[in-house]
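All chains are identified by letter, namely A, B, C, D and E, in their written order; residue positions are counted from 1 within each chain.
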Amino acid sequence: MKTKFQVNNGILLVLVAALAVFPFVSDSRTWTILLTQIFIFSILAMSYDILLGYTGIVSFGHAMFFGMGAYATAIMLDHFEPTLSVFFLSIAVGMVISGVISFLVGLLTLRLKSHFFAMLTLAVSGLFLVLAEKWRTLTHGNDGFTFRAPEFFKDRVMFYLLVLACLVLVYFLLRRFVSSPLGRVLIAVRENEQRTKSLGFQTLHYKVIASMVAGIVASLAGSLYAISLRFVNTSVLTMDITLDALLMTIIGGVGTLIGPIIGAGVIELAQHYLSGLAKEYPIFERWIIFFGIIYILAVIFFPRGIVGTIRHAFWKRKTNEPKVNVAPKRKELLK
Amino acid sequence: MELIINLLINGLATGMLIFLLAAGLTLIFGLMDVLNFAHGGLFAWGAFSGVWFYGLTNSFTVAIIGAILTGIVLGFITEKLIITPVYGNHIQQILITLGFMIVLSEMLKVVFGPNQIAAKTPPLLSGSWEIGDVIIIKYRLFIILVGILVFGIFQFILKRTKIGLIVRAGVMNKEMVQALGINIKQVFLYVFMVGAALAALGGVLMAPYSGVIYAEMGMEFAILAFIVVVIGGMGSFPGSLLAAILVGLAGSFMAYYVPALSLAVNMMLMAIVLIFRPQGLFTAKG
Amino acid sequence: DDTSSTGTTKDETDEGTTTPVSSEVTEEGGTIKIGVLASLTGALESYGKQTKNGFELGLEYATDGTLEVAGKKIEVVYEDTETKPEVAVQKATKLLEEDEVDFLVGSSSSGDTLAVLPLAEEYEKIMIVEPAVADSITGSEFNPYIFRTARNSSQDAVAGAAAIAKPGVKIATFAPDYSFGWDGVAAFKAAAEKLGAEIVLEEYADPAATDFTSNLQKIIQEKPDYLFVVWAGANSPWNQIADLKMQEKGIKISTGAPDIPALSIMEPLVGMEGFSVYYHTLPDNPINDWLVEEHKKRFNGEVPDLFTPGGMSAAISIVEALKKSEGNADGTELIKIMEGMSFETPKGTMTFRPEDHQALQPLYSIKLETQEGVDYPVPVLIRELSPEETEPPILNNK
Amino acid sequence: MEPILKTENLTIKFGGQTAVDHVNFTMPAKHFKSIIGPNGAGKTTFFNLISGELKPTEGDVFFRGESMAKYSSVERTRKGLGRSFQITNVFPNLTVIENVRLAVQSKENIRYQMFRHFTAYKDLQIQAEKLLEVVLLSNKANAIANQLSHGEKRKLEIAMLLALDTEVLLLDEPTAGMSLEEVPAILDVIKQIKQTGDKTILLIEHKMDMIMDLSDSIMVLFNGRLLADGTPKEIMDNETVQNAYLGGLYDEHLA
Amino acid sequence: MSILLKVDNIHTHIGQYHILQGVSFEAKEGEVSVLLGRNGAGKTTTLKTIMGLTPATSGTVTFLNEGITKNATHHIASNGIGYVPEDQGIFGALTVEENLKVAMRKENDAARERQEYVLKLFPDLKKYWKKEGGHLSGGQKQMLSMARAFINDSKLLLIDEPSKGLAPVVIEKVMEAIIEMKKQTTIILVEQNFIMASRIGDTYTLIDDGETVQSGQMSELIQNEELKRQYLGIG
């Protein structure tokens, strides 16, 4: 057990180290930016995994928190000096707002059953989108606005490293979170909420906690996203963002935490390469079709998501000796 | 007074139209519990193929039949290829149907070109009557009639036959239904095809309503349809009808009296309904 | 195994030696690289393609088919923004970093464009905005590297007002309930009131709504002389305007003529007077004639559409600027040259206004008419609105 | 002595049907009482009312003299009212040991700890393993719960209840579907608990021999009403019980 | 008497688990064959394999002289095999009436008659005709599940632990019913309640660890204390 754990962590550390030195060995800014983008969406997708994978909640309104982070950072940097401290403050502000809102929304909505809950979150985030659209003095509506990023991020490598650090930090924190006793209860809620209650766990609390954690992490992703663009508009609050997070999580494997990171990578890279192919081969002009086909194939070949399917295969291999009716052989005992 | 009547009629007509959009989803999502995000794609294909048939034959009847056939064929393909492997698994359903949705709407562009296309109202149904200050748009009356017809037919089928029961039982416990001697796979296939046909019908009827069709229309209206099915109470035709009319009327009256909130009206309606009736307006019965 | 692999390498090197020959030739004078950002997929796909086609033709026209200026070869890289700001930024950075482009051009959506603006400044490269219309691009979000060949919302509005506003005329407006609509109406209102008209009602509707009759009903009750519609997006109110017999009730409709696919759904509005940014029969000049002819030749008989001339103008402006700078693509140098620069386009003479780098340009007052052999209502010229007439306010407070 | 559990006029109506009808009963601490009654008599519903799964239309439940009306099922469990379910109700995709460990975790009151790894709580694992041994399920510790056979699930259900270690145990037909040879083992478990003497047990069963063997007293529910409450002997001699509940089967078996 | 169903050395895998490892027995027409064995022995899996729910990987199931090993479940069922699963398989959101309606294959007089009979047997069902299946008591669910299998004229009924959760008096009724049904159909019964099994069973098959250990006449088993002690823990 322990050694496997250490091996896994070892691989992770090597990977992170490789990613950290990457911008210094490669001078491809495109890659730096693409990776930054992947990291940001990884954070978002991991936050979604807390909901979907660990607590069994399908939310169609997750973009709401991403948007709050993005707007908090964008508005504060626009209104105050674009310094690092304002930036960090804005992240904190976004997280606090997201935490409070996800708390309130959670209390209001989490009593509902699956589909009804999902649609209610869609409604609430839809209302936030309208609010952002209408509150133009603050948000500039659909057109959005640009702002200055802290001088420090002029060098995109710095920003890349910051985002990578956030990703690693969030990953380890969330991993600890889901494998804590509280995380176990979240899984229990996912499996059988009513039974969790009768074991004496106040499931609503757990669901609210999960949605707050998810909301807060999503807000961080939003703040980073805003900085990466130095621009924000209402698109950060749209269903598209939620769907992206959802798809990344599912493709990578729900309830795996590392899966969403891989999912984010796969989706962003597939998009990148497919749209690149469009320029070379006319048949890829409609590359979006191939993108759709990837989703379909993913379900067929990786029904549990990439990580989930691989893990399952390993587990199967490990336990592959034909299982004889696990109970001890009565016949033999008696003889 | 005339004003109120106008708002009422138009709200009702819009509601009926929305009901037609949502009817297919009531079967597929409400009854079969399949989160079919490709529904909008089926709907858009109905609209495009209908307009194409109309252009070809100049007959709206042929257009409607053509659209329905398109829906049936696409429904067959969708169920066999996309849905069969993922029954009962919402997460996989989301991914695979979203993928298929992308394919469907891009294929529309391949087949019909990327531009929006004008959808003409058939002469017989175009124009409007004016009675005093009350304006009745003919096509809307037609929509109301079709809506009532579809509602009636499906109420009849679901009330008088076991099919609704079998589907709901199949969703709850597929093995047991099979053990009762019912080929549930086939039942699901047929119901899905009917749902797809209804989606296509919604599409072709929608086209002259707004006068234009475009590849992205599917997703836009699919969300509306999901809203209606959910606040109607999952799988209930009366529920969907009521919810759709509510959405139509709310839209119509809000746009007149509180225009500032009309962007938010659907979402507010849904939030209010779900907070006060967390199971939706109706529950599916028969 | 071994031999065959060396064999292939040899082949490759053989081929490799032939290609550089030609590239050496071009490298003598260096190259100018231009990155064009456009929505080549998604809802705005057709706009993106118009820009792309126009830009290609524009380069050819401006360089007489040599694709060279001041001895330098021009290379263009097109990138799809997918109408997503983050993709736009990603692609723009790729263009600036990897392709090392000297100019950016784009894009089809205002959001994408706004997101890319700061990059132009950061990299000190000229960006020609085409065809995004948001006022803020040359207004609050302006930076000196931004030049816009596209007309902006205010110009549209001024043109719209010029077409109908007169003292004593009562006008109601109808627009989608988001920035584009609000900006459009605000600008229109200012322009129309300046011309003495009275705005009696401003109606906004959910652009995704299925039903607009409530809004239209309200307008009918207000009994205006004109209804001015600011609209974009596929879903549109035209059918319902006709169904409610607004024109029969004496309310004249006016709006901007869109691109040809969208014109085809405006059948119900035949007879309406409004304005146009471009329709291929409206301008009368040799460049436009060339454009129409070449376009038809190349794209099996299709005529250029709304944003094709824009793409072309963007290309021409770049070539003209480079001619003046003798091939110097340095951003800061070019700003000086381009501020106030006039150049000929399919729409006649455009001039980059020095204050905010917005190209002043003619727009057209038109009437929609049915025409034999054309299956959509055609914008017919009433009169050309001169660049001075449609000059928008300066909004970048610089 | 104050009864540990008491109901006053406990009533619940489902539509027109009164499933539990003004039931007054008291339960001394450390007592073993069985509930019998025909199918649909309201036994499970009675449990649901005590455990808080359902809210009464009338009447109240008192635990150690305190009204339970304002407490949810969660809070009642924590206060010491634990229950098992008639229809097997476990976490289907978790392993057997995880199922039990969750229950142990609840007992140990480890609820909102989110910064330590769960494996750091070795004690939980050890306790869970012990419990599986008790219910004869150790060999299936790492099986996924929904792969268990019916009888095995029943054992898991019992293990989870025991894990909660509540003062009152509400057992709803714990041995239904359990094989003949294993019933005695489970019986032993229950007996042991009874002998340790610090638990109050309320058992619903239809297996009369088992009831006779274990109970200090038996109460009979009929159409939601409390028909009788007395010693096993009294109840067995009650004529209504014999005719309407036992039929001939019981006698024959004894014979 | 002819052999209605023959199960010959079936092996069944679920996932990678090898659950059944050689189960064989026969059910003669008009008889009640009882499957016995401890928890997890494979009784339920045997029934599911017959129903085609967990098809056998090897071995054969023959019904009416026709191999049905690989047939689809609904075919097997419509050939005339009824099934009462151990978890009852009630459609929770459907009413009692609807549960029965879904099950009724042909709505003819014979079916209605059988329905009448079943409702007389379990008057509770009549009483709660419009109640949702999920709201029934445990025993009522068991009754409904049996009623559902009884209302079709099946040639063979597979009944998995019908007595569990039933009041003693109802168990008696169920026994009577099964004896009554025996006149028309053949029955394979899984039962832990040995009193019941011994009273209504004609033959028995003992399963342990996924294998048939022994089969024979019920009367023999009743006398064979050794066997009972070894495998059933009684006697």
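Heads up, the rule we're going with is that a contact is a pair of C-beta atoms (placed from the backbone, for glycine too) under 8 Å apart; a residue touches a chain by one contact, two chains touch by 3 or more.
This one's a predicted model, so the numbers in the text were calculated from it and none came from an experiment.
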Graph distance between chain C and chain E, where chains that touch are linked: 2
Chain separated most widely from chain A, comparing mean CA positions: E
Contact-richer chain pair (by C-beta pairs counted) among B-E and A-C: A-C
Per Cα centroids, the chain farthest from chain D: C
CA centroid of chain D to CA centroid of chain E, Å: 28
CA centroid of chain A to CA centroid of chain D, Å: 42
Cα-centroid distance, chain B relative to chain D, in whole angstrom: 48
Junction residues of chain B, two or more chains touched: 109, 263
Touching two or more other chains - residue numbers and ranges from chain A: 133, 286, 288, 326-327
In chain C, residues with contacts to at least two other chains: 42, 177
Residues of chain B defined as touching chain E within the complex: 162, 165-166, 168-169, 172-173, 175-184, 284, 286
Residues on chain E engaged by chain D in the complex (per definition of touch): 14, 17, 37-41, 44, 86-87, 124, 128, 135-143, 161, 164-172, 192, 194-195, 231-234
Chain A partner contacts - residues on chain B that touch it in the complex: 82, 85-86, 90-92, 94-96, 98-103, 106-107, 109-110, 223, 226-227, 230-231, 234, 260, 263-264, 266-268, 270-271, 274-275, 278-280
Chain A residues within the chain C interface of the complex: 28-30, 33-34, 37, 133, 136, 140-146, 148, 154, 225, 228-231, 233, 235, 240, 271-272, 275, 278-279, 286-288
Residue numbers on chain A that touch chain D, as the complex places them: 176-177, 179-185, 187-188, 191-192, 194-203, 205, 209, 326-328
